[in-house]
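Each of the next two complexes has chain A plus one more chain, namely chain B in the first and chain C in the second.
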Partner chain A sequence: MRSLFSLFLFLFAAVVSAISASGNRLLVILEDVAEKTNYSKFLGDLESRGFQISFEVPKSESLALFHLGERSYDHIILFPTKAKGLGPNLTPNILVDFMNAQGNILVALTSDLPTPTSLVSLLAELDIQLPADRTGLVVDHFHYDALSSPDMHDVLLLPPPSATTRPDVKDFFGAGAGRDDDIIAFARGVGAVLGSSELLTPVLRAPRTAYSYNPKEQSEVVDDLFAAGEQLALVSAFQARNSARFTLVGSAEMLQDKWFDAEVSKVGEKKAVKTFNREFAKRVSGWTFNEIGVLRVNWIEHHLDEAGATNESNPKIYRIKNDVKYTISLSEYSWTTWNPFTLPGDDALQLEFSMLSPFHRLPLTLDAAHSSDSASAYSVSFRLPDQHGIFNFLVNYKRPFLSNVEEKNTVSVRHMAHNEWPRSFVISGAWPWIAGLGVTVAGWLAFCALWMYSAPVGGKRESKKTQ
Partner chain B sequence: MSLGFCFQSSFSANPILLFAGFESIIHEFDPWFNFRATKYLVANGFYNFWDWFDDRTWHPLGRVTGGTLYPGLMVTSGVIYHALRALTIPVDIRNVCVLLAPGFSGLTAIAAYLLTNEMTPSPSAGLLAALFMGIAPGYISRSVAGSYDNEAIAIFLLVFTFYLWIKALKQGSMLWGALCALFYGYMVASWGGYAFITCLLPLHAFVLVCMGRYSTRLYVAYTTWYALGTLASMQIPFVGFLPVKTSEHMPALGIFGFLQLLAFLDYVRSAIPSRQFQTFLWLFAGAAFGLGLLGLVIATSAGFIAPWSGRFYSLFDTGYAKIHIPIIASVSEHQPTAWPAFFFDLNMLIWLFPVGVYLCFQQLADEHVFIVVYALFGSYFAGVMVRLMLTLTPVVCIAAAIAVSALLDTYLSVKSPKPEENQAVEGAEGKKAAKSGLKATNKPVVGVYTTWGKGMIVSALAVYLLLFVLHCTWVTSNAYSSPSVVLASRLPDGSQHIIDDYREAYQWLRQNTREDAKIMSWWDYGYQIGGMADRPTLVDNNTWNNTHIATVGKAMSSSEEVSYPIMRQHEVDYVLVVFGGLLGYSGDDINKFLWMVRIAEGIWPEEVSERAFFTPRGEYRVDGEATETMKNSLMYKMSYYNYNNLFPAGQAVDRMRGARLPEVGPTLSTLEEAFTSENWIIRIYKVKDLDNLGRDHSSAAAFERGHKKKKVTKKRGPRVLRVD
Partner chain C sequence: MRISHSIAPALLLLAAGAAQAASVWGFDDGSVSVVAKKSGDTIKEKLSQKTPLLKPVSLGSTDTLKLSLTAKDNGKGKRPHQAFLLLQEQDSGLEAPFPLTVKESGKAAVQLSHKDLPIQLLVAAKPLKASVVLASFGSAQGLSTPVFEVKIETDANVPSPAYEKPLRYGKKPEIHHIFRPDPKNPPKVISLFFALGVVATLPALLIGWISLGGNLSHLSKAIGTAPLSHATFLGSIVAMEFVFFMYYTSWNLFKTLPIIAAVAAVTVLSGTKALGEVQSRRLAGER
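Entry: the complex of A and B
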């Protein structure tokens, strides 16, 4: 019975993990629950990927992100709302707590409504700045959609993001979309400026010719420019130190059904093409909700790599100048399965052996013998430094869009024990001293023998004197 | 019979006093390490102890403990423990450790008895010496139950080695010399103070030679002791090659060589006529001296012999350590002795002491020269360092015993001498006396005739002795039997009140933190945290790495922004401070704070400055007038964090320093309060992890408090662009 139950539990867990690496309870916050029809395709995609979606309005009494100190949801989507604030259940502190408890958040903004203050201060904590007065509109007079916004120029047409700028970063959002007719439509959205926090990465930047202005106050002349060009991030990703993910999508409209199916045409081109929005939305939400780019450390093993040594795994203590082998097994989650993690082209996975500062920093190489079809092992063999102390095997692999790997295994490295030094007769430099010892001993024995077996001469001398 | 009584009394006096107040507990600081090391020895065996690498102290450097301690004490208790187990007496290692010091104090009394008996034919002197040794406060400070320190057995070994040395010298016996070397080896294994013997014995030999008392007895005793003793001492890993490398050990080596020369000269003198010998002597002595000096200078300048160590310099210049080595000067036991301490620790013995030395001068055989030399040097060193009072105590007890026994022997004899007999003796000896040299023997024998005079002297002496016992009992019960981790105070109604904050806090650490949570505290508490809380520490009382201690000092004396990276780098989980402001407890960290600053300044003079902790008028203050550096230092913040809340607004008072604190208390952003003991003596803070959202701690803390982030749109300078 019990085994049946655990089998059931295991299957259930397997089903759950087939959706997202971290749970499937998704909360969607809307101004009005009826609004969800606008996003039916986006939400339908999520549901078909196995998420259980609950809908709430911000001011709802029943809305609570935590129940008895535990998260009630695994992920949140915040669509634009009209109210100035988000109510007492969605204060920035609660949202920060949600992220500290490894919850993921996707926020969609729109230029039609001012951003709620609660979100503005949350974004400020993440080092993301929004335009003044909580509203702004990104326009581009060169890359607009000629069909839908010939006058306002507020529907931007952008190529999918490519990884050309950062070859060491995996391309999650634009992969396989190299064709010209894959175009993302960014309609009536807000651009944000990212600070220099290393946890932030822009996913989709504005073209060089775009800029942001306030349509209400700056309709005549843009006197104080908020930001322009590639400094404007249209979709940006934030990954906290505990790998909780936060995505800011500047245009909620781009997730709506109408832009999923719409046909757009670039300036100067007659041909109308379908947008790439649906696939892009899937990838952005998939990344945010831990469906791609999730790394898992399966196991870590280090052991003495010396002939004749007992092959004990993960010993607590080594000796200086021991030869040691370290292996780490990593898997990467991709939509439904755990796959072996392969490093992007120019990147390296490194092991530090450190006490206060690294004594070694070594590249880990793929170890095929310990890899399987769902995990890849990386290993390195090296000799411990000639310094005793408490050291850490540290793998600190933090890359944009990949969840953080920071694995620290502490070991003590002891000094040579009194009986581990080479014996004196092995050291050639000691031979003269050993020879000296031998000569002294032999000399002493010879002297004793001479002394004992010499005939006493005292009597004779005595007799001579008397004569 | 009476010796047995002395032994028993000295053994039993202490534990009774102790257990009356507290339970069986290890005292102070160092004993906690010794106790922990003993437990390790008993649990893991001798060889593992010998090669012990301790990864729970000096994080993350670790300590090669087996090679940096004097193993004598631990091995002694280990042997006792195993012997008792072999006799099927189930005993806890803690009780062996707690009771080791009183046990050895009994042995010390016996050793003092034996040594005194070598000095004087009077049988009472030895007994008195044993009695004094058993109860003199100067020694009882290290022999109370629970004072499980190296000195506990070292003083016994010191006295006993001296006894064996006198024995060897008197008889010229190789056997006694070898025994002396054996106990010297034991002493070296037990206490760093062995250098006292290493210097005193050659000095004694040198003085004897200078007095023209060179003899084959001296030659045999000294060379046997030196050769075997040095070999024995080199077996201890911590000592190793020091006996042939450092200046402290050079006198012993020098005298060894000098005695060889003398022996050679002695032989030559017996072989050649005296006139030729005269010239030979001068030439030979000059050449030997010149060569020896040249060799010493060359060896020192080439680095074969280490120059005098700092601790040694501080013995001659008491101001030296304060300027050059603050870590040595910061220990209260290394301060020069205040004069009342002599009376406090020795009471009437201190004025009997010169009398005893004078009596030794009167006879001045080889062994009396030893007492004189010992008295001279012991007094000097005891005056320089409080801690060395311990080495003075034995000779004081012996000299005082000789004096008291001489008095008692004279005045306690009931028999009155007859004047006629005296005259007769005088008459008979008149001629002889005129010939003999010393003035003292010229005088007639003087006797005491009246019984009432005898009675008065004896009763006065008895009163003094009683007062002495009273004083010793009082000092022991008040000053030396409190374990210092448990503070005793008196309530208004006179009943005893126990303040047990230390153990409360250490117990909290033991039960509420991870097994490998690293605790940062000032080094004084390192051994206690290791022993009582069983948690790794950054620095402890074994102050082998000054830089590491200075690092902790820097973390304590800098602002949070500077300290936090240091604590992260050293993987600190908790910070422990001792705060006496609420209770008026003087031994707290704010009072020790300047030493932390000084030690840190020694390594980082640019970053830490002692001057910045004093007001412009040169005052060290903690109230509103304190300097900004002081107020921003981590130590100040941790001490006074939340302290205001105990008082009505604006009336927070530090009772230790009598200072009214500023109305707004300090704020902490990189640490959070984890524990504060009942009387606020121990405060423990947890070091926060890096902020999850990548903010700095002060803005994260401001956000937690509900402050909105200031809008950064009003920037004056050029835009900061993101470049990736």
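Entry: the complex of A and C
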């Protein structure tokens, strides 16, 4: 039954996700469709990964994100545009609706053009703050590209992101990249400040000496500092509770052809190095458009784990203090295939057994016997609490960059039936009472016999009484 | 403005040649002072860009810290675009920038007190690491150097600010349910002693009855008069106890009740005969 079900799921998933785990209709919004030549390698990479790209300009009449209440596109890329707003078809409201319908958005900004108000409002909705006046430029006088911006210092050279700050988070963006050889060039970009929301994660932070200023007003003196150092997020990721993804890339230029294969040179180093931008852009767009970091629950099974008990799957009811085993099978989508999901080093997949609040929160361990080439099973055995009621097996696995897993299976836990307790003769404290019962019974029988068959001792006294 | 920025260093470069290419930012006349608001006391320390101060500067809740310096590009006073004082919390590496107000001559200063600090820095256990960053456009090499440490002194009379860490998705602490303790029994010796005490009352009762003259002498007479009814009556009483025993060990109520009814009927029917015989003995004066 289980294998049939997972086979069905697998076939279903295979049909839906040829390239991305959630569809391949991609909308690209540009100031001018001719501008797409600047991004030809980035867009060509996307096309070669199977996306069907449509190009539109923001003010286009025919542009509609929804048709008859359904999404017309699965993903959107918004490149910088000149206009103050984005027109009636791309209001912040519509973009939020698009995300609520599980659409993914990638926004690229540039410091050359003020950010459209529509996007500023959308970002404010997601707790991302942009510099005042919608204009900002990130510079770093210590980590700039000596070849292309020896004076303005507005092309930042950054090492690829690493997982050192949080070892329990999977490293999707910098994995496999050498910290010295692979350099990301961040050219003329806008830095953002992220709110404290748990849904937001910075992908690429600015170095500690970087800062953001307004090139129009603060070219002499930075009188009002927006943000500096690692508080500036250059590339940031947002994943909504429905796993819709939103990525803000501060520099649209870093996605352009000229930075994909450009050679850059760090300050004080003679050697020119090729940038890591192409691979980084692939990973950022791949994450945004559900090509990596997508989790799928294949099946969930729980059963009584006691000797001699029937091994029925997913019963509706258990008894208190029963030993049970819970197993969940997870797959992770990685570019083209569903792979077994492996936990990042320091992380734990946890099962909560909860009624209002958790009674148990236990780590699940890999169950090789039920794993396969495309799925890994995690299981845990435990004893149900000594409290009856309606309980949930809850796996609430929410992690940065991984799509949310929230699986709740409700079961009843009944109390002990009267014949499931130990018998009274097993309980040593009951022995005097059981002995009392036996003595009463024996005494009663002896009394009956004595009363019926006892002959009088003094016959005379008895006869007197009867007279 | 932008043009002047890019051209000025270029011109400098042209003018000064290779020596100017190695131009570096630095500062002179650096000092940090803490002014206590209540007493008006001032503690002033000289700063050097080479070596940081050895002892941390302490900043009380009403004090004001003032940092002043003169920024210099290759020894000449000049205004850098970036002149920051960075305060870093040492455990988390969290850093807060405080831009200095810089004059054209390079004289720069910044003042800060507790209310300017973010709460994460206020509640820091270790002294904050203060660094000065001076840098600008062009080829001049920037300066980023630790200069001193600040110890945040909290006032014992004022409740320390509460800081709650923001929620981050990650693994949570494990919970293992604590079961109620199993019911306990007294030591078996005690149970056994009292059980034997209870059992001992039966022989005591029988001995008591016998010593008062109890006997079964009329058994043969009764069996002789009404053999069947006496046997079934006594047998039905024993059978009833047996039914109760079976109910205790294995039977359920629905099996027990009809059997009780059957045994009770036998008891009543045989009982009338058997007890009639007992009555006849009483009337005959034999009891």
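The criterion applied here is as follows: the second predicted complex is superposed on the first by the 439 of 467 C-alpha atoms of A that agree within 3 Å, B and C clash if a C-alpha of one lies under 4 Å from a C-alpha of the other, contacts with A are read in each partner's own complex, and residues count from 1 in each chain.
Assume a residue touches a chain if its C-beta (ideal position, glycine included) is under 8 Å from a C-beta of that chain, and two chains touch if they have at least 3 such contacts.
What you see is a predicted model, and the numbers here were worked out from it, not measured in a lab.
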Review point. Given the superposition on chain A, are chain B and chain C in a clash or a fit?
Key: fit
Exercise for review: Pick one for A:418: touches chain B only (first), chain C only (second), both, or neither.
Suggested key: first
Revision key, fill the gap. Counting residues of chain A touched by each of chain B and chain C, the higher count belongs to C
Practice item. Check the residue A:33 against both partner chains and state whether it touches chain B (first), chain C (second), both, or neither. Key: neither
Practice item. Mind working out whether A:309 is in touch with chain B, chain C, both or neither, as first, second, both or neither? Key: neither
Practice item. Calculate the angle at chain A, using C-alpha centres, between the directions toward chain B and chain C; round to the nearest 10 degrees. Key: 60
Exercise for review: Please work out whether A:175 is in contact with chain B alone, chain C alone, both, or neither, and reply first, second, both or neither.
Suggested key: neither
Check your understanding: So, A:388: does it touch chain B (first), chain C (second), both, or neither?
Key -> first
**Study point:** Partner chain(s) touched by A:93 [first = chain B, second = chain C, both, neither]
**Key:** first
Review point. Once the shared chain is lined up, is A:448 touching chain B (first), chain C (second), both, or neither of them?
Key: second
Check your understanding: Which of the two partners, first being chain B and second being chain C, lies in contact with A:198: first, second, both, or neither?
Key -> both
Point to revise | Minimum C-alpha spacing, chains overlaid - chain B and chain C, in Å | key: 5
Review point. Once the two structures are fitted together, what part of chain A is touched by chain B and by chain C alike?
Key: 166, 196-198, 231
Review point. Any idea which chain C residues touch chain A in the complex?
Key: 1-2, 5-6, 9-10, 79, 81-82, 84, 86, 93, 95, 97, 99, 101-102, 133, 135-139, 141-142, 144, 166-177, 179-180, 185-186, 188, 191-192, 194-199, 201-202, 205-206, 209, 213-219, 222, 230, 234, 237-238, 241, 244, 274, 278, 282-283, 285-287
Point to revise | Complex interface listing, chain B residues touching chain A | key: 47, 50-51, 53, 55, 59-62, 64, 67, 237, 516, 569-570, 690-695, 703-704, 706, 708-709, 712-713, 720-722, 724
Practice item. Would you tell me which residues of chain A are touching chain C in their complex? Key: 139, 141-142, 150-153, 166, 168, 196-198, 208-209, 211, 213, 215, 219-223, 225, 227-231, 267, 321, 347-348, 350, 352-353, 358-363, 383, 385-386, 398-400, 427-432, 434-436, 438-439, 441-446, 448-450, 452-457, 459, 462-463, 466
**Study point:** Of all residues in chain A, those that touch chain B in their complex
**Key:** 92-93, 96, 99-100, 121, 124-127, 129, 132, 165-166, 193-199, 201-202, 231, 240-242, 244, 317, 355-356, 388-391, 410, 412-415, 417-419
